[in-house]
Amino acid sequence: MTDERFYPPINFASLDAHASAFETARVVVLPVPYDSTVTARAGTRDGPQAIIEASADMELYDVGVGLEPYRHGIHTMPELAPHTGSPEAMIDRIEEVVGELLDAGKFVVTLGGEHTVAVGAVRAHAKRTPGLSVLAFDAHSDLRDSYLDSHYNHACTLRRAHEVAPVTQVGLRSASAEDAALIRDERLGFYSPSALRDAGAQAVVERLSDDVYITIDLDCFDPSEMAAVGTPEPGGLHWDEVSALLTAVNRTKRVVGFDLTELSPSLGPRSCAQLAAKLAYRLIGLALGPVE
Amino acid sequence: MTDERFYPPINFASLDAHASAFETARVVVLPVPYDSTVTARAGTRDGPQAIIEASADMELYDVGVGLEPYRHGIHTMPELAPHTGSPEAMIDRIEEVVGELLDAGKFVVTLGGEHTVAVGAVRAHAKRTPGLSVLAFDAHSDLRDSYLDSHYNHACTLRRAHEVAPVTQVGLRSASAEDAALIRDERLGFYSPSALRDAGAQAVVERLSDDVYITIDLDCFDPSEMAAVGTPEPGGLHWDEVSALLTAVNRTKRVVGFDLTELSPSLGPRSCAQLAAKLAYRLIGLALGPVE
Amino acid sequence: MTDERFYPPINFASLDAHASAFETARVVVLPVPYDSTVTARAGTRDGPQAIIEASADMELYDVGVGLEPYRHGIHTMPELAPHTGSPEAMIDRIEEVVGELLDAGKFVVTLGGEHTVAVGAVRAHAKRTPGLSVLAFDAHSDLRDSYLDSHYNHACTLRRAHEVAPVTQVGLRSASAEDAALIRDERLGFYSPSALRDAGAQAVVERLSDDVYITIDLDCFDPSEMAAVGTPEPGGLHWDEVSALLTAVNRTKRVVGFDLTELSPSLGPRSCAQLAAKLAYRLIGLALGPVE
Amino acid sequence: MTDERFYPPINFASLDAHASAFETARVVVLPVPYDSTVTARAGTRDGPQAIIEASADMELYDVGVGLEPYRHGIHTMPELAPHTGSPEAMIDRIEEVVGELLDAGKFVVTLGGEHTVAVGAVRAHAKRTPGLSVLAFDAHSDLRDSYLDSHYNHACTLRRAHEVAPVTQVGLRSASAEDAALIRDERLGFYSPSALRDAGAQAVVERLSDDVYITIDLDCFDPSEMAAVGTPEPGGLHWDEVSALLTAVNRTKRVVGFDLTELSPSLGPRSCAQLAAKLAYRLIGLALGPVE
Amino acid sequence: MTDERFYPPINFASLDAHASAFETARVVVLPVPYDSTVTARAGTRDGPQAIIEASADMELYDVGVGLEPYRHGIHTMPELAPHTGSPEAMIDRIEEVVGELLDAGKFVVTLGGEHTVAVGAVRAHAKRTPGLSVLAFDAHSDLRDSYLDSHYNHACTLRRAHEVAPVTQVGLRSASAEDAALIRDERLGFYSPSALRDAGAQAVVERLSDDVYITIDLDCFDPSEMAAVGTPEPGGLHWDEVSALLTAVNRTKRVVGFDLTELSPSLGPRSCAQLAAKLAYRLIGLALGPVE
Amino acid sequence: MTDERFYPPINFASLDAHASAFETARVVVLPVPYDSTVTARAGTRDGPQAIIEASADMELYDVGVGLEPYRHGIHTMPELAPHTGSPEAMIDRIEEVVGELLDAGKFVVTLGGEHTVAVGAVRAHAKRTPGLSVLAFDAHSDLRDSYLDSHYNHACTLRRAHEVAPVTQVGLRSASAEDAALIRDERLGFYSPSALRDAGAQAVVERLSDDVYITIDLDCFDPSEMAAVGTPEPGGLHWDEVSALLTAVNRTKRVVGFDLTELSPSLGPRSCAQLAAKLAYRLIGLALGPVE
């Protein structure tokens, strides 16, 4: 029984003990406060906590989709500790932990940290879901094979992901000349915001296989809505567009998991964490639908 | 005679003694730095001063409406002191002071502070204007009967207002399951941004009676334009939309007073106070029109 | 068994499940994020969380006293929800909850929130400890009987406390003329920093009874070390002085509980939360000594 | 030969010694950290450095135009020192230095500082380019002949510019009654954002002569994208609109130089400097096209 | 009669109409938000307002000196507008206005703005007080004859002051080689903090004539207590030291006026404005003593 | 010849081309913006640039030691790029680069970045200076053999240093129980601030060998003077104490190089970078003395 004199404990969506118990929760939120390879501005390590704190201000009913996603049960893990030996070792740890959660039958929401953490999450999902495809929201192409002496630098995230599952990307507005050539030559499905608007959400959906993993680098958004990222790029996606695309994807595909990364809270107003929390909550609702 | 070597004193629109004298002013700005019941982030007590300071940077000519609203005379009151005995006592004080100003023939602009201050202002206007209706700009439904042990919590604002004058709301994108059911069951005129875009401004105007009080919780705006609020919600209204709706309302209705609340200056860039100041000035111009 | 791949959960001192279990913990930390009556700058509601977060960066061994205070067990409660009906109702709630914890045999550490929360904590302790005296650290005299229409305004804290247990105060450098006269006329033991330096810690200790409750308004510190308070006053106490006085008190008196209030994190650098966390941890160590 | 163990030196676009050498560079970036006459909030003196630092995070390939503008060579000058004798003397210095660079055959990009610095740059270009016209991006009309006792106050910038080359302006949403009358009476080409949207970019282009100097006060942008300016005005231009207009201008006109002013970094998130850097880089690419 | 439902208007010490009326006030506070020649970080233009706002949090009784200085009456002028023609013209304006106030029999407290504003104030006082000497608190020697092409740059302040009245300085810890040589060669009374501690306050007092003007650049303080200045220097003076020296000076000399400059509020915590307000209030009390 | 119309380029102490040329400079400043293993708050990667920028505000004459240290010539290197493969690889790179500079006859000043970078610098110096000892300024013992899966975590810095040269430490006020036991058992020369005050600077000097490397973690300072560090600890050293100890060391020992680390600029006011810059400049002056 809840003691009304107290606030609920700190967890995603500020849920009571019942709704957030690991055993019965369909969803597990995994905070990964890791930002070792970021080269511009640091601070994504504070992202997971900021998102979780912001989630306490949400109504549990999502008026945008007409659902109460928390009814699936959402458990929030303690923060994954960084392996400071090397980025590679940290990616391995993430893959291992996400894999254990998947094997326990959970729907895993990974909160970064830098975008690199997605590599571990994608690998864990790809290993367990044959034919998986990846939908990436990002402002950058991130297709470098190696950067600053590492294959696991955040600038290589989509290259690493693409090695285990085909990547479709939206939000592109920054790419090296080499990345741009690669996209052109290999006809990769990388969409700038205007390309997305021209092609329509359905064109993106059709590039995906039945089972989809979604990786969201929050810099896909326009900096007006999401300034709290290390390398903001003008001319990005807007909330309504992202929300509409996620709705379209979930209409015909099965989303098996997702991550939300690169929130660097001190670089923008608190509304950024709020957006991130609401985005995660909405995507849980869209992916899992109403409780039967 | 003005001494050009000095800036004007600090008041709304930075007016000289002549244009800001109480006796001759048609408009009175009432700052209410009260934020006792806010549960998320504090700071709306700093809102009125921030708006007044920002108003010094406006041109006195509003190029958007082609008027100089200050010619009606705008007097700025000293800040209303908080009654820290209880929120209810504070609401009573606001109703009392606003009422005195109305009885003195003034057009009252109340600057919050938390949205709760609107309850006092609405009551004072409703008591003096039979058939009054309320147009509310807000991201939240705020229809709870009681919250955190008080009927005067900021989450109950529109419920309290609705008790004395029918409320039409625009900007909705957050509601509890109970509030959402209430809106649906009682067919309340609560519009999300997309519902507003679909229905058009005129549909909203038609729900209003001849005399309208406008209450603006600044979180109605999209957080990209208004991050300086305690509970920002993505997907909000834009300046041009709000400005257009206000223009439409004033075309056929009589706006008898308004409030502007929930600016929490330290949570966003200074441009937020600027927007709030300009919004208040524009609404004065729209409501009172050119000086005859 | 602890999974080394994860950080400990969020609680005071970042303790594992064993060291932070309610049942076995000798110490209970009670966060009270309440700041309803503060008249200057808001934000103390964010104090408890900031202190708890900062406490994760402490070593569990306190090199200054040569102890590991956490070995007594420290449980962190969820945040006490504000009663927004009135300050008086909130004080009652605090007294009630602290009383329940005391009756359960706990040593209670109350983290504010505004200084007013101390009134509830002092009352709960005084009711259970005959002959209790209070040692207050504060920059202000806080002896007003009523302020801004309330007897429970933060400017009345020490007046309310003094009604249930005699108060000795240190750190004074701001008082109304009336408060100053009261102190002089009633020969209250209120010490400015220089008076404390002149008299010596022992003189303060001798004013106290055997059982002492300590209430700390963090503005007792010099603003150079503690800028994150609403009404900083230059010329305050320094860490070494406060630490030395606390050591002296604990040498001959029994400290039965304490509170730490008025941290408003956004008003100063993060080092302020760090100081507060370390102060609380040290005082736990001093009050309870080594585990037998 | 570059030592890969080191980052490139600090200059615009973070170019190596070869690409940034003065002798071979087609483009020279001139930082002018001057903000002496700004009357609202200070801080534009920090603008040039913020833009240059932000430029290090850009890819050298601009995916939006499909070019690598740096291949023209871009040299960054040391910061121009302020002449604190008078604004007039400083404008003279800017005209002198820009003139010397033009005479050396360079394409000059002046980074303010307050918008006043544009007066020196415009004069230097107008003197060397008969028939020059000016395209100004600005939220304000800035047509006062004198302000606060100076003809070189930032509120007089476009008046001073207009004296040496006809000015077409876009982004207008703030003007004094006198400025508005002047625009109306003299049929000046000053476009509010909605007027620009109605008329179309081509209408603006047609007002320009063959040789165009572009002066950009960053407050032309909507504050949601550019909060870091001293006098933000709601309802401004968006990145895609500005980018499209610049593209249209360069399609048929020769842009002979430009400035970018009024970034006051501490007033908004870092994404503002990022936008400014990318805008400058894009405009270099548009003006100079591919390297032959 | 005061309406208790409202806060007092915004003025120094937050005084009611009676205590702040110009006619009866012995003291006039003159805010000069001017920072045109500062070369490092801008922002002292926001200093006067920050000090005035902070002064509202002071008790009107100064417990440190046992007085209520406001009983002399303190009137706050509107802000002096900047003359943006040249620094010299602005200094002339300050001298003119301060002179008018002195001729009206007022005790003038000038709030900067940059330290340069002191030149105008010193000149006005020196012209009316034969034999005046100046006591300067400053971290820097500020003895350059000219800097960045101006004789009125803030780096020349004490040189300009010394030309009209002999300057004794305390707090020195930064000087050019030339300034250091000048101090040594001309045996100027410039004291570093440690020199002041060695010599004692009385040695400084003895260098002064009977009538003393005090000019305070807030960077005289240690940055731990006063970070909100453009060029902080470690190893500065502490509150108790400054307070003690001011007390010593007023014991045997007549202080005829003073200024307080260089507060740049956004560069440090709000406690800095609090210190400045309290310092001004204390110095008023010390200079004028109890009301007879 | 210098063009007086421009500021000098950005380098340590803002020196002209002559005084900062690599070939003739006795001193080389090496910025290492690396913060990969920091576990609390990130941001030390911004430290080197902040220190270099702050150094532009220093007078070139250090009035505290009566010298112009820049006359030895001070060259500032471009920033060392992070090796994101692993911390170990980065330490190797630092050792390599510092070694090359030492072999070129330079006095190397390494600016971190996290304290870990000192390991590379110490190794390079120890390899070239038989009998070297290390004087460490730090709040923490940093003697862990491994932390978060790495031997090169910042919590292991002094353990790694101690392996190649005996370490004497001052400023200690945080240690794990294990570290504290190690210090006690091995009688390591680790001094808390009060132990240093009791023993006197000379006692510390006597523990050192003739050739000394100095490593400074800026958290040795009291947070009142240095809030801009990730893990501030109350009760630290003051500027005058650190300055005095450095003077004492240089009186009888030869300082062969030093580093300055852990400045995380956004965590405190700008005065922190100012202190760091002045400390580096003073230590250069003390180590190299007057130019012969």
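To keep things simple, chains are lettered A, B, C, D, E and F as they appear, and every chain counts its residues starting from 1.
Simple rule for what comes next: a residue touches a chain if its C-beta (ideal position, glycine included) is under 8 Å from a C-beta of that chain, and two chains touch if they have at least 3 such contacts.
Predicted, not measured: the structure shown is a model, and the values here were computed from it.
Chemist: State which chains count as neighbours of chain B and simultaneously of chain D.
Modeler: A, E
Chemist: Please decide if copies chain D and chain F contact each other with the same set of residue positions, more than half shared, or with different positions, and reply same or different.
Modeler: Both copies, chain D as well as chain F, present the same residues to each other, with over half of the numbers appearing on both sides.
Chemist: I'd like to know which pair from D-E, E-F or D-F copies the B-D interface, where a copy means over half of the contact pairs are the same by residue number.
Modeler: Overlap exceeds half of the contact pairs only for E-F.
Chemist: Counting only Cα atoms for the centres, state how far chain A is from chain C in Å.
Modeler: 41
Chemist: List the centre-to-centre spacing of chain A and chain D in whole Å, with centres computed as mean CA coordinates.
Modeler: So the centroids are 37 Å from each other.
Chemist: Find every residue in chain B that makes contact with two or more other chains and list them.
Modeler: Correct list: 41, 81, 222, 224-225, 268-269.
Chemist: Between which chains does touch occur?
Modeler: Here the touching chain pairs work out to A-B, A-C, A-D, A-F, B-C, B-D, B-E, C-E, C-F, D-E, D-F, E-F.
Chemist: Which of the residues in chain B come into contact with chain A in the complex?
Modeler: For this pair, the touching residues of chain B are 40-41, 172-177, 180, 192, 194, 222-225, 227-229, 231-235, 267-269.
Chemist: In the complex of these two chains, what residues of chain B are touching chain D?
Modeler: 57-61, 63-64, 66, 68, 222, 224-225, 239-240, 243, 268-271, 274-275, 278-279
Chemist: For a test of understanding, state which residues of chain B touch chain C in their complex under the given definition.
Modeler: So the residues of chain B in touch with chain C come to 35-37, 39, 41-43, 45-46, 81-87, 89, 147-150, 152-153, 266.
Chemist: Sort out for me which residues of chain B touch chain E in the complex.
Modeler: 4-10, 77-81, 93, 96-97
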